[in-house]
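You will see two complexes here that share subunit A, one where it goes with subunit B and one where it goes with subunit C.
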Partner chain A sequence: MKIAKHTYDAVIVGAGGAGLRAALQLSESGLKTAVLTKVFPTRSHTVAAQGGVAASLGNSTEDNWHWHMYDTVKGSDWLGDQDAIEFMCRKANEVVVELEHYGMPFDRLDNGKIYQRPFGGHSQNYGQSPVSRSCAAADRTGHAMLHALYQRNVRAKTQFFVEWMALDLIRDADGDVVGVTAMEMETGEVSIFHAKAVIFATGGAGRIYYSSTNAFINTGDGVGMAARAGVPLEDMEFWQFHPTGVAGAGVLITEGVRGEGGILRNAAGERFMERYAPNLKDLASRDVVSRSMVTEINEGRGCGPDKDHVLLDITHLSPETIMKRLPGIREISIQFAGIDPIKAPIPVVPTCHYQMGGIPTNYKGQVVAPKGDNSNTPVTGFYAAGECACASVHGANRLGTNSLLDLLVFGKSAGETVVEDIQSGNLRLKPLPDNAADFSLARMARLENQKDGTNVHEVRLAMQRTMQKHAGVFRFSELLQQGVTAILEVAEQAKTTEIKDKSMVWNTARMEALELDNLIEVAKATMISAEARKESRGAHVRDDAPDTPEFPNGRRDDEWLKHTLWYSEGNRLDYKPVNLQPMSESVDPIALATRTY
Partner chain B sequence: MSKRTVQFKIYRYDPDRDEKPYMQDISVDLEPSDKKLLDALVRLKVKDDSTSFRRSCREGVCGSDAMNINGKNGLACLTDVDSLPQPIVLRPLPGLPVIRDLIVDMTQFFKQYNSIKPYLVNDNPPPERERLQSPEEREELNGLYECILCACCSTSCPSFWWNPDKFVGPAGLLAAYRFIADTRDEATNERLDNLEDPYRLFRCHTIMNCVDVCPKSLNPTRAIGKIKDMMVRRAV
Partner chain C sequence: MTPNKGRMRWHCRRALLELDLVFARFLENRFDQLSDAQLVDLQDLLDIEDHDLWAMVNGSVPCPEDRWMPLLSMLRDSGTQDDSA
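== the complex of A and B ==
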């Protein structure tokens, strides 16, 4: 079979916020760049982000990046790497202002500056009081951002391959990355993209869970490809459950609703967050709020006939505020909950939202893996940014608005690094291995010829139900152990998926089967990493690591202040230290402390 | 809850298999949680995995699942399935080449979008901080920037059907006005020049199908009217 081959300086996989931001660096530097994306760029899931992007502009309340850095380290429950966190928080103003210059329609204050609103876990003066740090375009910040970035790429004449699905990473005998294989949806044909550098910006894999705020396309394609190619995945046990998904539908209701004054209430109408987080209350960080909600529901104070959700109340806000600052939320509530939030509270429930872990990178966007004595050796030619990557700035729990910041800062950084590495001559076009496409072609052939196989929908559902039951908001030692067995069984079933549709043209059945291969890698990584981590930290809270005077919140810094690394081959686990040292010598590390809000 | 069954009549065409398109009659049983047309289509795809359509966010913000639903363009994810008379007749968006089933080739649509230079033009060196814009100036962009490029509007417009290569269409013109209306943009004259043509702008005959179908309740006709006004004022 003859396979088409395309040669580029750099290939970016994914055209959401991170991919588009990286693409700008490359296109504007004149490098020959291809951006592969399985959906038209503005359909990427960045479009669904609502509440804002963090930057310590200090437009309405005093602020500085040191406070932002502190909040982020504390939010991460000290699992975030402090060099990367310092880098991100220091760069925030630059990348947000840049975006404004690109034309992003931020809301404005009376003095003409960018409007900022409070958000969960963000504070003034090291945890003292809430701060307005979230730069927002109504409650459509992600949409406004993604379109502004796409538009800037139209200006930069970026070359897109729209509706091309990347299949596998190509590594040579040295382990260096030399390209990817990809399938064009319209023809079903597989091609090789041969390049000096490959940047993954493929987003998260929230679809491993049954109930998720994530789009259908969030299937962890880059994460799966990296795992299959022998790259370890970092901290995959840490998943964010967003406190406010619409009950039953899973659709996201931004934390910005609480930033604008929204209150969570239980069946008695009580503002229960006052009991769990006396200081920041409803604006405590997401893991804390989600656990408080589930505790309310578990203890019988949930709302509705099945007492299975709580209520998000904004009826005390003026209709003008709601129409001006939260118009999209009103639309979503009417569409998916059948209620108008001006008149009645919104039924909400914690819903899987964000993957804190991912492909390990440093703050330059280089993918790193253990080699010899160095647990952070760059994989030559391989870069990653955004939700698919783990820099690690979010650690065990991400703060709201830090994801849009992450994709801007690290998308740009990865792009800059690639430009430097190529222009300095450090990266050259290495020859493709002879068998470059064999693995992908074998996967396609297996799917084509599978007889008496399993059903893609059923296997995916089994995976989603297993993840939901065994690795949810609260985690239980016994359920995690059973979960490992269960997910490995599901993974076996996924090896023999069968599709009925064999057409070469826009075959979505084939696409979903290939996506399932990626989801399964993520699901295994999550369950196995979670079972192994015998402590509670951030979003990972287990019954056998309770809050004690010796180990507050069940966090075990003596044993578990380390990053998990999961390898697909043999489901092997390894660990590496957390970097507690900021990037600059002049910046003091944020010392370990008990996390309270 | 009693079992809900939905009857579909769906446009099917797979160039790899079918000599010509046909309408498929098929029904599917829904679960209680299936509320939107997209839920029903996803359910249908479990039954027949060859049913092909685009979808992503399932909340009306990515613009993937635009289709012609009982004769009117809309997003499957924002359409209540119970509100639709049956059989539910689904066709691809009109006027664009069909790739397969409900999936159309949107090249022409995006070509027109790109033709209006959909990006901020301001050649002054940017200030160190954000460019300032008053809340009132920013409000001018409301009803314009929220477009999701689903193409419901342009593919419901007879002028776009006739001249997709020459008429920019409602989505592209809405985007053009979004930049004209932005106080930070300095290319208003060039933008008007770009549209001063018997076809690009003036093929809009205010039929207003675009307003009728927009799933985001935007009003391209009003934006087009404002551009026309500016053209006239510029001429005198």
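== the complex of A and C ==
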């Protein structure tokens, strides 16, 4: 079979914020750059980001990057690498001002400077008082950012391959990355993209969970491809959850609803938060509320036929109050739960929001993996940025507004590194291996010829239910152990998925089967990494690692101050040290401390 | 020209979960019954930015084109559980 081949200096997979920022760096440097994306660039999930982008501009309140660095290290529960965090916080002003010059319509102060607002976890003077650090464009920051970056890329003549799905990395005998295979959705044909450098910017994989705020496109394609190609995945046990998503849908119900007097109730109608947080009750912090909800569900007091959610009750508020103060929430509840919250309570469940782990990189955007004595040896030709990558700046928990910053800083950094590596002659176009597309073609042929196979929707649902139950926001030793067995069984079913529709043109069933191959790698990595980490840290909270005087918050720095690395082959785990040393000698490390707010 | 229905199905994958959920039910319950003229209207609707489209679907901003009204109402109705049976 003859396979079409395209040759570029660099190929970027993904056209959200990170991919577009990286592409801009390459195209403006005159490199021949292709961006592969399964949806039109401005339909990427970056559009959903509302909060803003963090930068210590100090326009509204005094600020500096040292304070931002402290907040980020503390937010990460000291699992973030301090060199990468220093790099990100120092670069923040530069990338935000650049974006301003690209035409991003930031909100303004009267004096014309970018308006900044406060956001949870961001502080002045090392935790002393809140700071205004978030730069936003109304509630459409991600949307405005994508449009500004896309227009700039069009000007720089970046070549977009829209509605192409990347299938697999191509590595040569040295293990170097020399390209990717990809399928054009309009024809169903597989092509090879041969390049000096490949940058993954494919976003997160929040769809591994049953309840997720992520759009359907967030299937961890880059993360799955990396895992299949033998690259380990870092810290995949760390996922950020929000306590109240609409059960069965995932759409967020903001904290404001509880602020307006919303009450969480179990199947008996009991206001259960009174037992867990007698003072703050329903207004306790996100993690306390999430954990209490999960405990109610796990102990059999959940609601509905499957006893798998609790209820958020605002029926005691007057219809006028609901219509006036919470009209958007009422609409969401009617649309996605089929319930008018004026008449009946809203079914809610803790909901997955953001992937902290991913493809391991350094602050230059180079993908790194253990080789010999060096646990951070760059994989030649391979780079990653944004939610699919783990630099690691978010560590065990991400601060709001640091995700848009992450994709700008590390998208640009990955682009800059590729430009340097190509211009210095370190990266050249290596020959493709003879069998470059064989692996992808075999996967496609398997799917094409599968008989008596499993159903993609059923397997995906089994995966999502397993992840939600066994590796959710609050984790239990026994459930995690059972979860490992369960997810490996689901992974076996995923090997024999069958599609009835074999058409080549715009076959969405085939796309979904290929996406499931990526999701399942992420699900295995998450479950196995989570089961192994016998401590609580940041977003990973276990019942058998409680808060004690000896180990506050259940965090065990004596054993677990290290990054997890999961390899798909044999589900092998390895670990590497956290970098507690900032990039610059003149910057003091942020010393280990208990994370309290 | 009648748009390719497979391509349109893929274009119902959106950047926002809210719209993904609305379109998932719409694809299951309504899409196959659309007339050619409605398919052309849908094609135009799918070109709208996600935040604007969601605002039209949830009624927080008025629909700017009368010919889109029936489709928007289908998207709303097929987005509720009560209607999916």
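Heads up, the rule we're going with is that the second predicted complex is superposed on the first by the 491 of 597 C-alpha atoms of A that agree within 3 Å, B and C clash if a C-alpha of one lies under 4 Å from a C-alpha of the other, contacts with A are read in each partner's own complex, and residues count from 1 in each chain.
Following the convention adopted for this analysis, a residue touches a chain if its C-beta (ideal position, glycine included) is under 8 Å from a C-beta of that chain, and two chains touch if they have at least 3 such contacts.
Since this is a predicted model, take the numbers as computed values, not measurements.
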Determine, under the contact definition given at the top, whether A:108 touches first (subunit B), second (subunit C), both, or neither. first
Looking only at contacts as defined up top, I'd like to know whether subunit B or subunit C touches more of subunit A. B
Taking the superposition as given, does A:442 touch the first partner, subunit B, the second, subunit C, both, or neither? neither
Between subunit B (first) and subunit C (second), which does A:100 come into contact with in this model arrangement: first, second, both, or neither? first
In the superposed arrangement, which partner chain does A:336 touch: subunit B (first), subunit C (second), both, or neither? both
Is A:217 in contact with subunit B, with subunit C, with both, or with neither (first, second, both, neither)? both
Under the stated touch criterion, which partner chain does A:186 make contact with: subunit B (first), subunit C (second), both, or neither? both
Kindly classify A:323 by the partners it touches after superposition: subunit B alone (first), subunit C alone (second), both, or neither? neither
Answer with first, second, both or neither: which of subunit B and subunit C does A:592 touch in the superposed model? neither
Check subunit A for residues that touch subunit B in one structure and subunit C in the other, and list them. 39, 42-45, 47-48, 140, 143, 186, 215-217, 249, 251, 328, 331-332, 335-336, 503, 505-508
Subunit B residues within the subunit A interface of the complex: 14-17, 33, 35, 45-46, 48-50, 52-64, 78, 99-101, 103, 106, 110, 114, 117-120, 122, 126, 128-135, 137-138, 141, 145-146, 148-149, 179, 182, 184-185
Parts of subunit A lying in touch with subunit C, wherever the complex brings them together: 39, 42-48, 140, 143, 163, 185-186, 212-217, 249-251, 327-328, 331-332, 334-338, 503, 505-508, 511
Where on subunit C is subunit A touching in the complex? 4-7, 9-10, 13-18, 20-22, 24, 49-51, 58-60, 76, 79-82
Spell out the part of subunit A that touches subunit B in their complex, as residue ranges. 39-40, 42-45, 47-48, 57, 97, 100-103, 105-114, 137, 140, 143-144, 147, 151-152, 154-155, 186, 215-217, 248-249, 251-252, 328, 331-332, 335-336, 456-457, 499-501, 503-509
